[in-house]
Amino acid sequence: MRNFLGHSSRRLKAAIAFPLIGLALFLLSNRVDELRVYQGANVAVFVVAIISIILLTGYSGQISLGHGALMAVGAYAAVLSQIYWHLPVILTFFVAVLAAAGFGAILGSAAGRLTGPYLAGTTLALAVGLPSLANQFGFLGGEQGLNYDVGLPPAWLGADFTQYKWFFWISGLAALIITWLSFNLLGSHYGRNWRALRSNPTAAALMGIHVGRSKVLAFTVSSGLAGLAGALLAMTISLVTPSAFPTSLSFSIVTGAVLAGVTLLTGSIVGAVVLVAIPEITGALATHLGGSEKVTSNLPGLLTSVLLIVAVLLFPNGPQAIMKRTRKSSQ
Amino acid sequence: MERLFNTILIGVSGGSIYSLMALALVLVWRSTRVVNFAQAGQAILSTYIGYEVITHTDNYWLAFPIALVAGALTGALIDILMVRTLMKRAHSGPVAGIAPVIATLGLLGLIRAIVGMIWGGDLRQFKLPVSNHGFTFGHNTIPFAPINLLIVVTTVVVMLIFSVIFQRTNLGLSLRASAYQPEIARLAGIRVDLTRTIGWAFAGAAGAVAGMLVTPTNYLSPNSLDLLLVSGFVAAVIGGLESLVGAAVGGLILGISLALVLEYISSSLAFPVAFVVLIAVLLVKPSGLIGAKRTRHA
Amino acid sequence: MESNSTLLSIQNLSVNFGGLKALSHVSLDLHPGEVVGLIGPNGAGKTTLFNAVSGLVDVESGSLRVHDQDRPWPKPHDLVDLGISRTLQGVGLFPDLTVLENVMLGATKFVESGFIRASLGFDARDEARLRTRAMNALERVYAAGIAHRPVESLPYPTTKRVAIARALVSEPKILLLDEPAGGLGAQDIDWMNGLIRNLSENCAILLVEHHMDVVMSVCHRLYVLNFGEVIAHGSVHEVRQNPAVIAAYLGSGAVSA
Amino acid sequence: MSGLVISELNISHGAIRAVNDLSFTVKPGELAAVIGSNGAGKTTLLRTLSGLKSAHSGSVEWNGQSILRKKPEDLVRSGIVHVSDGKSVIPELTVKENLALGGIWRKDKKDVALATAEAIELFPRLGERMQQSADTLSGGERQMLAIGRALIARPKLLLLDEPSLGLAPLVIDQIFQAIKALRDRHNLTVVLVEQNAMGALRIADIGIIINLGKLVASGPAHELIDNPSLRAAYLGY
Amino acid sequence: QAFNVHTTDGVTPTTIKLGITIPLTGSAAPGYNKIPAAMIAYFNYVNDNGGVNGRKIQLVVKDDAYLPTLAVAKTNELILKDKVFAVIGALGTANHIAVSKSVNLGRRGVPDLFLNTGFSGFADAKKYPTTFSLFPSYIMEAKIMGQYLKDKFPGKKLGLIYQADDFGTDALAGFKQAGTNFAVKVSYASGSQSAQTAAGWVSKLKTAGAEVVVMFGVTTASGAALATSAALGYKAQWILGSVGGDATTLKAVGVPAVVLTGAIGASFLPAPTDTSDPYVAFFQGINTKYNGGAVFDNNVLVGMNTAMMTVQALRAAGSNPTQKGLVAALESKGSTFASAGLAPLNYAKGVHVGYNGYWFGSYNSSGELKPVGGDYSVYTTDSGAGAIVKSTYVRPALPANGLPTN
């Protein structure tokens, strides 16, 4: 039974846990090979992106199939602020958050009136339409994109400190901070309000919650996080280009959120790991199984899709639903 | 004047194709409340089957009904094998809205992979059932050909048939009742599972129609209908998702506004325009042109 | 119980749905300490009147005074700021949330910490205050013991109590109850009677209810709606003898209860 | 044996045993009132009778045939019609369409039209609201619609879950009288679940009182009404 | 930073492991997806004949779906997990910029050979020390085409259809260099091409009265443009860029032969249907025996040609090849490699651009690209302000049995 102090003790635990997780990640990054470190950086990026969906869909109940586009907004803002204002890297991340949040606020004000499939359709159109705009304006660098350079790791980290480890540190730290902030936010009355208006907007309004404003806020915050994820993603490939933000990216992060259980922050890591691991695993399996070229080239796609369908059919509420079920049945 | 006229004709022939895809999406939406992203995959699969028939018999009009039946069967199978379980397991809670999105996206990937395994990634093509040479008046060839006429007529026919089915028949009422409240529909004696399967079959057939009609003017590959799916979805949302007439009109609005912008503003703005048109419509009418009526809150 | 000040006063309220006159020229007053019943046949417009006061339908004409001040018809989220709380016909709780969370939501207007404080985790004191208020409200409906249960798992009568606790936690001066006894068994109805009487010590109550025993035993005055119009008002005794009310609503048998 | 025969029926919701070793019989043409406080298992019982929920053990026969493992849509076609509590309309459809659902599976379209007319006569308010979506109805109007739709199905066994919920006193009277009249006219068998114990028992032939899933008492309705020990504990007056 | 540029990753006494990332699935896959199989076919032929200095060549193929993020991830797998000796035949401008920057092939010392892209930026050997591109740049192509227009169609009204991204921007830059003036320019967003949008392009060209139209886009776009203009009764002299000019694919997307006949195309390779060309004839033989008789189009030709050049590069790196040695070998001997290309190979110290020229042909009624005037006259230039000159390059003869002996 949770006690009366449940709330603050939860936060206390978190305040201790997060630095520990950070330390563990740091130690881990020194032990695994470079490929894993690179993939770790990708996992961290996806953690941020998935949290942005968890906040939006799992809490405020809005669906977005266009978060890839918001990631693009963040990435372009970051790289432009680097090119034109020569901002230090850390500040470019803040610019990414602010720009995407601002964009999200405008979009959210329009989207706040939409529900379910209407919102899905609008955001999907955004995902298809927005990145291609980069080809319309020369300063956005076109298809070959703009180089986004977070620089080499500082010299004091030693000569063995690889670029990818540096990426991992940056994105890992960002993911850790975002997870912690979201943990607080979603545990606060904001999170509660969002969950309430998701299940019964009328009743929520009667509680004094400004439903429209609340939804726009969720969209804004979620967009800001997506913007950060976009900048981090651009960092891992050192480039901001429209094709880095395809429609499939939007789908991937929503998929990650579903695999994460949509409402659970800790699930975001599971979702992110799966997203990063799937292409490698299915690719390896395909080579292992062999077959004609037609077959091997489509096998990874087939396996990924089957996995996805099975996951949604068997565990529609994510991994923690299974844990809950097993816990219940063992009682 | 002629320029405007031609542009609108181009818009109509493009838009009618979006309408066809939108109709298929609305059919599934109305009969199961699922936005079916696998629709493009189903249409591709049926079209490949049609393609096989054409390459073996050289007869489009034989391939057409076969593709249609294949589409219907695929739709039915998908419902039986996947959607039923999905509806049982993910019908409520925060995932209810997105679980079907993920499942149908997964299905799209699955069908694409299967098609890729069987037919490979090469571009293919089959012969036009009717000419694509624009109608000619004197020296003037207008950008509207018998094939476009065929597509427009088919769109209207599909729309009318299904509108009648939905609004005027017991099957239509059963479809709608099963989609909204399966349990109550059961209590009214409706065989809900069967009814929903029929809905999926209808949509599968409509998707096959779209595939068989669009492909001759473009080409066939595992991905060749992806963009059409997005345009179709946008058209359906513009139209309001609840209405087949809305889907048809939404497709035309999208097609014509795209054509106008590409002609008069910039020919490379295709994607942003779709977004702007959509937002413009939804800002005025958040549930589309012919959307659901506003409901009471308490 | 009469008092010259009115807490809530509705004048000439009309609401239309398309061609349908759901309410026409309805006037109604609620004074401090009063329990006023709003009764009438199904579809008479009772819930619609609540909806008009809480901003859930568009008002055609009419004016609203709260605490002797003219007010525009509020938006739903402004209602608690006017010191008004309402329950919804049926239950209207948030099914995915726990009882405590549901009730804490009712106290939203007492929230102080903003976005940044909440993100950084500096809202513990705020949350603790909300929780205390919520627990107090739950105690008033004798439901403190189930604070951490998910709402879904509760028996129906308990959900009704939680709904009332959620309405109470904002410390309203005016409480609008829509069929609080609907679907309750005999024992729970008795209990609800007692609860409503208790509550009326702290706030005025406007009550919509079809259970005549509840209405007759807790209300001081009654308004009777039929086809959107007030066909009778006055003391319980007067109304229940009114032939128009008997014909339209009570029927000859029900009065006996 | 004909009629509704329930014997040693057990129904669970996960770990909760909602109906426990319940046995009773309703003869053809009888009106049975099932009385019990909140959570007694009344709704659960009706949902099992109409096929929406599966039983744990025991048997239920209707006119000599087991109905336990049948699907609701088939049971409806054999005349078992269920009006579930409070939510039995499809809000997105119009009143007219909701009523049409009642006879959607029936072949005898003439009788469907007649039955529809009868339902509208019973609830004139529905006639005034035909083109409106059910969503916009008031609570009580929805209840009328649900009952009206059930009657159009021309049930042989009618399962009613708290039909009086949210209805005005006058309408409750009317509905109870109508149920009785229908029973008399069409030799309908009725299982009427009610919180309004007195009202229900007054029109019923037999009464069944359950508590926490178990049978407490059963017998002719008037005997139950007059039984002082039951009065205090279960009938609430 | 301590990257060991002398590594012999991927080399064992009996094998050499190479890698490629390329779109095998997705909308960019059609066509390109044939390249790896063609490479493997040729490598297998070489392996069956003793390999390279006794080592068999393995090619690890990864699907990047034409997405930069995946290209980086897959290239990382190739280098860090599969530990390939070199990356060959990578494709896609944005993809490869991302790969070069993020994976940083240069700093790791991983040879990055025979890029399949016309982006001129990779020519910078300082920035990309291990990268060798193969194709002439789009700027070169447009420049040469501009010159061709000036020579052959003076005074005609010109039209241009181009893709609204860098591919098109490079083309515009090239035409500007060549001083070409178009009466009408139509751009399209990549991916938006279809019969419907093409109707819009055609109506614009028609209105402007363009007599000669340059189609500088991908194959599906040129297919749509050609088919639609035929349907709308619009006749013009079409000039197809090399990217969108593969006759086999054009036929597959529904361009009737009559429409293609007489159109002009540009290439630096012989036509894949020209069996009189010894390279083509030889590769077709390999295709039948080792590639399951796939349809022999430009992509297959490019794949096999790239493979043949790879074998020569590996041989040139000596019997104990290192990654550094491979790069050096290409710089010193790359320009002498036997290849099917009719334009010269320009590899030298600090020069990492392969072909730099084009010839023009016209499609005959069976869709073969035949040189205008009967023999291949190749024009070469650079991506800057350099002149356009007629090449005198004579390509090396096909090695005996197609097995390089350099």
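Letters are used for the chains, namely A, B, C, D and E, taken in the order the chains are written, and counting of residues starts over at 1 for each.
Here, contacts are C-beta pairs under 8 Å (C-beta built on N, C-alpha and C of every residue); 3 or more make two chains touch, one makes a residue touch a chain.
Only a predicted model underlies this, so the values are computations on that prediction, with no experimental measurement involved.
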item: Least hop count linking chain A to chain D through chains in contact; value: 2
item: Inter-chain pair with the most contacting C-beta pairs; value: A-B
item: Between chain E and chain B, distance of the C-alpha-averaged centres to the nearest whole Å; value: 37
item: For chain A paired with chain C, centre-to-centre distance based on mean C-alpha positions, whole Å; value: 43
item: Distance between chain centroids, defined by C-alpha means - chain C, chain D (Å); value: 30
item: Multi-chain contact residues (two or more partners), chain E; value: 24-25, 29, 33, 164, 189, 191
item: Chain D: positions in contact with at least two other chains; value: 136
item: Overlap residues in chain C, where contacts from two or more other chains coincide; value: 47, 54, 56, 88-89, 92, 96
item: Touching pairs - complete list by chain label; value: A-B, A-C, A-E, B-C, B-D, B-E, C-D
item: Touching residues (chain side chain D, partner chain B) in the complex; value: 50-52, 71-73, 76-77, 81-82, 84, 87-93, 97, 100-102, 104-105, 133, 135-136, 149, 153
item: Sites on chain B touched by chain D in the complex; value: 170, 173-174, 176-177, 180-181, 183-192, 292-293, 295-296
item: Touch list for chain C against partner chain D, complex; value: 17, 40-44, 46-47, 89-90, 155-157, 179, 182-190, 210, 212, 248-251, 253-254
item: Residues of chain B defined as touching chain E within the complex; value: 3, 6-7, 10, 13-14, 17, 112-113, 116, 121-125, 132-134, 136, 141, 143, 145, 216-219, 221-223, 226-227, 255, 259, 262-263, 266-271
item: Chain B partner contacts - residues on chain C that touch it in the complex; value: 47, 50-51, 54, 56-57, 88-89, 92, 96, 178
